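Two complexes are shown next, each including chain A; its partner changes from chain B in the first to chain C in the second.
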Partner chain A sequence: MTSATDQPRRRAAFPPNWRARIGFVLLALYVVYACAHMGVSLERLQVGMEHGQRFLARMFPPNFGRWELIVSGIVESLQIAVIATFFGIVLALPTGFLAARNLMPVWVTWPARALIALCRSFHPIIVAIIFVKAIGFGALAGVMALIVASIGFISKLFAEAIEEISLKQVEAVRATGAGFLSVLIMGVLPQVLPRFIGFSTYQLDSNLRNSTMVGIVGGGGIGATLFTAYQRFDFDVVLAILIVIVAMIMVAEVISTWARKVFQ
Partner chain B sequence: MRQDTALAENAAPQGAPDPGALVLRRLCKEYRPGVPVLKDIDLVIPGTGLTAVIGPSGTGKSTLIRCINRLVQPTSGEILYHGEDLAKLSGAALRAARRRIGMVFQEYNLVERLTVMENLLCGRLGYVPVWRAWLRKFPARDIEHAFQLLDAVGLGGFENRRADALSGGQRQRVGIARAIMQEPNIILADEPTSSLDPKTSVEIMEILSGLAAERNLPVIVNIHNVDLARRFAARIIGMTGGSVVYDGPPGGLTESHLNHIYGGESWME
Partner chain C sequence: MTVVEQLNRDWQRFTPLRRLSRFAFYLCAVAALVASLRTIEIIPEFLYDAPEQMVDLVQRMVPPDWSYLKPTLDALVETLHIATVGTVFAIFMAVPIGIMGASNVTPNGPLNLLAKFIFVTSRSVNSLIWALLFVAVFGPGPLAGTFAIAFRSIGFTGKLFAEALEEADKGSIEALTAAGASRPSTFIMGYWPQVRPAFWSIALFRWDINIRESAVLGLVGAGGIGVALDTAMSLLYWDQVAVVLLAIFIVVVLAEIIVTSVRTKLI
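And then the complex of A and B:
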């Protein structure tokens, strides 16, 4: 009772977070400044829209006349993605185990984590450029680039999934006198397998998209065809290729959803 | 002191050597230096019958039982079993010792995403090579034994259910069957009934003591519930503050012992 009369101010159910507010204001101010600096303005946007309209008009109708070229490009992209995902998974599985800090000593996890960090440092396109220069034009360079990306992504998330497992289940398997590999197979793997399948199918998706891109830098696949069409201003062919890519990604989505369900 | 006489009585059977006995000598465990959880435990656990370890939470019961199969590394002392000091084993020798020690856990510790059958066969992992576990090519004899045990614990027909689809009591039955699958010489049970309702607790204790008696296996059970301990144990060990304060038959356990073990009297009212 006394506190109510002594302290008339009301208790705040949602106290204001001044640091967050100041942060948002500063961010907004910087965006305005950066727009002015880069010459981003309404007039520029208007010019761009007119240009875009002409571009869109030239895309229709899509031209599937060169379909043999598109099909062979897509098939090559698909092969790049599947091969890269397969070898990526095969290499990411041990790398992820080695990087899990709850299973391995520091002197093992440290190099494994360094390898993963290295694989994740660069965008696949930069890795593809390096491989094209190192081993020459063609699908092999694209495959290698996407393997690197797959190892980086899958093994990092896989290691994190292993670090979150229930150690009680592992302890029980260990208590039966099982050796280390048996503990991994019966105690650890069942707990992380569904998530591993999830990461792998996500990476297959990602590799499919990236496999259409490595061609731009000479890594094989539909990307080279797409890039040539752009450069020749054959925008109707470009649209045809884009439609085929979208269709391929959608089919892959359906397949990976199914795969995740099977391994739930 | 009454506790001391109880201890002395129990030290007596050493005269007649019991080959299956488990002998703890000056067993100590400190998780942090200077803070002992187990203080110089000296115990002889007979090679037959069910021994209950009672005592309040945090008094070192779990640590004691986990030192025996070395899920916890004792700080000092000896654990003598079948002529070996379990406290000093490592590598393959430790794994060989562990496969002869079955363990039942408070929270069942089944591998949730594996089936009941796979969980039972986990009990054979100390015996079968890795590739058999990987391909699930377990020996036919093990699989036959697993089916028999499933029937024995009342889970016939559950072999292909996943462990995470079972109730608590069903899971603990699988946990017990997994321990028996190891064909152990002894079973350790760490609070096997603490996560279960009273009726299921009694059923689980009946299954555990029944299966062990059929196989003439000694069982060491950590248990909160003094009534269950009295009902099923041939021998009771009372612990408090990291020391053994009662060691004797259930009949000898008086209210003053329980006061000493659990501290205070108000909890009994």
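And then the complex of A and C:
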């Protein structure tokens, strides 16, 4: 008698992964629990869909009638993004150098890294709130908040890029008797410049996105216009502003892709 | 060309076109900066007392009001729920759109473009603005925040997932196709094992970002610790604000440590 147990067990080509399955079940259970905790229910979703339909109906067609307001807001957002990116880069360069562990001693890198962690951990909106309190409403508060965000992002990636460079070129420059600054400019900078341009253009995109939002807490830019339109229930103006924001960011992405190609 | 002529050639690092475009980049950058600096409206009177205001702010924040810790922690749990559930929803929506956007999995130009358009729209509208829109739909509360986080994350996760799919090696996929596997099987057995590490690292990375973002959604009424922050700020209880900020800082740092350690294990 040949039963199934006598035969050698067939090896499955694709064995089931029980750990992953249990993990997915646990994740699904968590989602259900969290939704219950947050008071999410089908009923609320249904009511929300009705609201959503009315909301969308009021959004169309987009109303570009107040275009002067939209243009001035967008221009201010652009100004905030450009200025914040510039000063962010200027301040991130030295911070990044100081945080690179292959060029600097530990007692220098440690405080620099702490500063970077501090700049990165707060969302730009929270930083903007603090600056609005310190220097009042207006574009400057937005600029300062985005400078802090830029320092955190660029110097972290810049320090990592410097830590990955080849030290051979640095040694070659040093062997010619160059001073510390010359070593940086001739040995380190050419190796990291393409990546640095990459981070900077990426940060410009990111600052542009965030500059559309700092206005909600009083930091200037299109966000203030958007928030006012929202509070007045002028949802058609809100849609017009959103369309302009998306278009602006698409253009900015095309430009930064071009810049990255040029500096490759 | 003789050898001597060849040796005496002028060597140049960049082609003229490249130099021209580099110059154009610098020119545009400087022009944009100068134009912005000259036209931005800044009220200098506000700047005179900025140091005083800063000192005042710090004095009001210290010592933190620890009695506010209980509501802060409750709100913090809600923030974590918003970030996690939002990330899960985002991934559910981003995976199909990512498949639609990867030109090797979906060889269809218009569909690829449509996916790219969805990604750009999702990323360029800020999380706070998404939150405003969903507060109008669902009313104030964590539900709006969860949807805001989900819609905002589609662009990031979907774009990176599509890029990972496009980088997948063709070998195993051709083998599966040759064996007669259907398209879903090709995807699950050919593409998925190749992009799995990238997928998990994208999801973790986005979760880390979403914890930061969900902390501010409450400012427009979308639930989480931002509500606690907004309440304390509107009442000018800066010592309570200090507690909330401290809580956010600790959670963000913890999340980053967790993500880094899990990623090194996964990859």
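Basically, the second predicted complex is superposed on the first by the 238 of 264 C-alpha atoms of A that agree within 3 Å, B and C clash if a C-alpha of one lies under 4 Å from a C-alpha of the other, contacts with A are read in each partner's own complex, and residues count from 1 in each chain.
Throughout what follows, a residue touches a chain if its C-beta (ideal position, glycine included) is under 8 Å from a C-beta of that chain, and two chains touch if they have at least 3 such contacts.
Just so we're clear, the structure is a prediction, and the values are computed from it rather than from any experiment.
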Quiz item: In the superposed arrangement, which partner chain does A:Q191 touch: chain B (first), chain C (second), both, or neither?
Solution: first
Quiz prompt | Partner with the higher number of touched chain A residues, chain C or chain B | solution = C
Practice problem: Identify the partner contact of A:A134: answer first if only chain B is touched, second if only chain C is, both if each is, neither if none is. | Solution: second
Practice problem: Give one of first, second, both or neither to describe whether A:S121 is in contact with chain B, with chain C, with both, or with none. | Solution: second
Quiz item: Touching A:T176, do we find chain B (first), chain C (second), both, or neither?
Solution: first
Exercise. Tell me which partner A:D234 touches in the superposition: chain B (first), chain C (second), both or neither.
Key: neither
Practice problem: For A:K168, decide between first (touching chain B), second (touching chain C), both and neither. | Solution: first
Quiz prompt | Residue ranges of chain A in contact with chain C within the complex | solution = 14, 27, 30-31, 34-35, 37-40, 44-45, 48, 51-52, 55, 75-76, 78-80, 82-83, 86, 117, 121-123, 125-126, 129-130, 133-140, 143, 209-210, 212-213, 216-217, 223, 226-227, 230, 235, 238, 242, 245-246, 248-250, 253, 259, 262-263
Quiz item: Any idea which chain C residues touch chain A in the complex?
Solution: 18, 21-22, 25, 32-33, 36-37, 39-43, 46-47, 50, 53-54, 57, 77-78, 81-82, 84-85, 88, 120-121, 123-129, 132-133, 136-139, 141-143, 146, 189, 212-213, 215-216, 219-220, 223, 229, 233, 245, 248-249, 252-253, 256
Practice problem: Please name which positions on chain A make contact with chain B in the complex. | Solution: 166, 168-169, 171-179, 181-183, 185-187, 190-191, 193-194
Quiz prompt | Residues of chain B that touch chain A when the two form their complex | solution = 69, 71, 95-101, 103, 105, 107, 109-114, 118, 122-127, 130, 133-134, 175, 178, 182
